[in-house]
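Chain IDs A, B, C and D follow the sequence of writing; residue 1 opens each chain.
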Amino acid sequence: MVTRHMKKLINEPSAVVDEMLDGMVAAHPDEVRRLEDSNVLVRRDAPVEGKVAVVSGGGSGHEPTHAGYLGPGMLDGAAAGEVFTSPTADEVSEMVQACDGGEGVLMVIKNYEGDVMNFETAGELAEMESDVDVAKVVVNDDVAVEDSLYTSGRRGVCGTIFVHKVAGAMADEGGDLDDVQRVAQKVIDNVATMGTALTSCITPEKGEPTFDLGEDEIELGIGIHGEPGVERVEMMSADEITERLTENVLDDLDPDEGAEVATIVNGMGGTPLSELYIVNRKLQSMLDDRGLETWDAWVGDYMTSLDMQGCSVTVLVLDDELKELLAHPVETPALTVT
Amino acid sequence: MADTATEREAVRSAIERVAARMEEEKEYLTDLDSAIGDADHGANMDRGFQAVLEKTDGMDDADAAELVKTVGVTLISEVGGAAGPLYGGSFMSASAELGDGITAESTVAFAEAFLDKVQDRGDAPVGAKTMVDALTPAVHTYKKSIEEDDLEPVEALTKAVDACQRGVNFTTPIRAKKGRASYLGWRSVGHQDPGATSTLCIVEELQETAVE
Amino acid sequence: MVTRHMKKLINEPSAVVDEMLDGMVAAHPDEVRRLEDSNVLVRRDAPVEGKVAVVSGGGSGHEPTHAGYLGPGMLDGAAAGEVFTSPTADEVSEMVQACDGGEGVLMVIKNYEGDVMNFETAGELAEMESDVDVAKVVVNDDVAVEDSLYTSGRRGVCGTIFVHKVAGAMADEGGDLDDVQRVAQKVIDNVATMGTALTSCITPEKGEPTFDLGEDEIELGIGIHGEPGVERVEMMSADEITERLTENVLDDLDPDEGAEVATIVNGMGGTPLSELYIVNRKLQSMLDDRGLETWDAWVGDYMTSLDMQGCSVTVLVLDDELKELLAHPVETPALTVT
Amino acid sequence: MADTATEREAVRSAIERVAARMEEEKEYLTDLDSAIGDADHGANMDRGFQAVLEKTDGMDDADAAELVKTVGVTLISEVGGAAGPLYGGSFMSASAELGDGITAESTVAFAEAFLDKVQDRGDAPVGAKTMVDALTPAVHTYKKSIEEDDLEPVEALTKAVDACQRGVNFTTPIRAKKGRASYLGWRSVGHQDPGATSTLCIVEELQETAVE
């Protein structure tokens, strides 16, 4: 039993995910519902007959990811694991089956071994238990991690939001499972992200910082799981940090001059919005200097890491199809496009 | 070969021991995971084995294989993360090897199947700084002790524990290639792998159970 | 010159407001623009001829308040002061004149002496310099502060968002200045808020916590300016905190059984969304127990206090007119209703 | 009565002194404000007087009244918060009293007008733990010293400083009724008011200027 209360608005650490999901349904009863005895939320009207379903999920602690993006034009299902822990295969399988409207289900997976293994197992389970068609894409937009024999590949981070948006739009427009998978993959091939942490996050279970950062240190290249980054450097100004992140992202994407891009300056949960705007200011002026055209710029908390202070910069290189799909209307608790 | 009831009690006692051990080591495992991962391995394993305890509690007619399979299924559905499918899938599929009861041979087959499944699912070679590094020497030593050296299972297990411990120690000075720790690159050097450590805890408890 | 970088995504502390405003315009160039040489943002298409303008403003550090609510159906102008400092009278006066579309301007003021004095002076200045009609309302929804001879009256906090929404909707529907002022005042008369801080915030200028809180202490009854609260108590569970806040709010409003309400669980900037949902879960179950009907429930960061961890609970008692105005479509950077 | 140029230089030297003092006391004032307010009073005053320095820098033909009016207008447009309209509005409107030059009588009128405007705008009585508590004894003492005791302005100012200091000290043990500190209720007792403190700084610098 917990007697000391850590400084979080929680009751029992073990009840965090359950209570958060209930609170979310209470806030959005017309938009989402919870599958009985599970940590899966789905669109209120799921399954939507005759439409490909797009589902996602992962550890909790990244709110509004994932359930915040449930709704017309985006996700059909979101499986919530424990904090920072992949959801289990049987819950994902349940979600897949609950969301299938007869046209198949695309699973959007972030490239973490836990997620990949659990979703793959889930896909197999679901196909065994019903006749749903399951396809998947694996998002790996984190350029901080080298994709080499020496790592588990690049992580999936905030670029996932663009994947959800685009895949959900294609499904909403009536695309078949192949179409939906194709555009999701197109986003993955054209998106890159890098993040930084000014502070560690504190998980409800552990109750203290996941990693220690000195007074004047920051981590570059963090993921979204409170795992330490790839490099620890001295604290820098917002402009310098933005330069580091953006340069890595653009070096990876290497967009043609004149290319149109969509961007996200994403807060890690504990960062004031004012600071994210300061980062966006520098990001946009850098894009401008490189001759890139910003077609859309998002600033806010899209994929967080509990109470961590820090941000990530995401750039997606666009073509006409992606622009149309990004502009497609969407209505979800966390994102509305009209 | 012992009768079903004796085997059932042995498996249950092993389950109880492991569950108690995970509860005990919860913080330690999480601390290891916070250095190079995401600070949940202890909570994951503890949650999983508490659920296993509950699930197996009423199973008074089950044989050893069924019990072990239940351990796997429960871990799959309760743990999540990387450890869930790895440990869960392995207990589940390796349990088939115990279908004809617990013998020296069947436990060797079980151990090999367990290791195979971990490698199959997780695709980690030895030296990637994962549970594979602890599991491999333990399984290899156990097999050799039984098959080549004709040791009793208890003695073989004791050797396996020692081998496993060396595997855990081996994870510290090397760079991770798999799992979250791999994202850290060279900074993962100098930290002990949490999954290898939980593997050692399990092997130690199996050995203690065998001694009893 | 600042050489040590505090752990914030900023450049110079003195440039925070300026750079944040530029970054905001860079993120929303089709929605907002900045008045030259000032810290005032207005709707891109301001002044909107033939419509009453609704303007607001106050110290910075509360983002997305105020400029996040600029747009059709909500605010026409937002004056940003320095962090936690009221904007100056001349900037407010400039804003009032820039937003006037010929039908007059309603100033929504939060009840802080600084804000009230600067806005009042501004209103006088604007009326002197042009022939704009200026009306005002003063929001004082914070029930933590007793309204007595011994205080400056109750503070204006997160209930202000509902005032902006309702007044902006009435203006958008073609109401005249009296109508707009009347419905704004109706919200003020029926809304109450109380907040808590688990941690202090850190202002860019000071660079360290505004107040010290012990490991196991929280402040009840904080405002949104990093000022200490009215009571310091031991850390409690989320449910207990929610009870304390909600009971005070409901005692103040004393709504009839069966009344319909709209609610906000507002994050103070550093609180994970998951925790706000846990608070919302308890809030909604308390409203249910009291026989109140939740007509709409908002959960998120609406009016923050930099990086402070904590939340506030706002309840607004509705009638048919308020429901219609709350449901009126709005499109702003921080709030979209379709 | 001194000539315009002398008066101009006196006012400018006072402005420079006050600006330098605010820079010096910035942290201290902010610390006071963080105990019972929102931790910005020092930054507000410093920003304001730095702007005043810049604005008055080129004003080589201005007389004392114009200079003081500029101080007020600048504070109004640069400071914000409660201090901006209070100090700014008061300097602005009281400046009219210096229209015919700086004399013992005109400075008394200035001081009274200043206090009136603060009370008019802020509606704080004495004892509400605000700058009024420091300003009131300073102004009353100055007036009495000149009008009743026929003291020289310098001596009167020295007495006013002492009175002002007592006013500042008086703010500490009382409960705030106005300003942000009033939200704290009884918890405001025991803290010195930042606005009263900045008032004392200003009065002290005026006295130092007069001594020169």
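Some notes on this structure:
One rule holds for everything that comes next: a contact is a pair of C-beta atoms (placed from the backbone, for glycine too) under 8 Å apart; a residue touches a chain by one contact, two chains touch by 3 or more.
Note that the structure is a prediction, hence the values are computed from the model and not measured.
If you average the CA atoms of chain A and of chain D, the two centres end up 54 Å from each other. One finds 32 Å separating the Cα centroids of chain A and chain B. Distance between chain A and chain C, defined via averaged C-alpha coordinates, is recorded as 29 Å. Annotation for chain C: no residues touch two or more other chains.
Counting partner chains per residue, chain D has no residue touching two or more of them.
Contacts between chains trace an open chain of neighbours here, each touching only the next in line. Pairs of chains that satisfy the touch definition comprise A-B, A-C, C-D. Those residues of chain C that touch chain A in the shared complex are 4-11, 16-17, 19-24, 26-28, 60-61, 63-64, 68, 198-199, 215-216, 218, 234-239, 241, 265, 269-282, 284-285, 294, 297-299, 301, 304, 306-307, 309-311, 331, 336, 338. For chain D in complex with chain C, the residues that touch the partner chain are 30, 34-40, 43-44, 47, 76-86, 89, 121-122, 175, 177-180, 182-185, 187.
Of all residues in chain A, only 14, 59, 81-91, 112-114, 117-118, 121, 144-146, 149-152, 155, 203, 205-206, 210-211, 221, 223, 225-228, 230 touch chain B in the complex they form.
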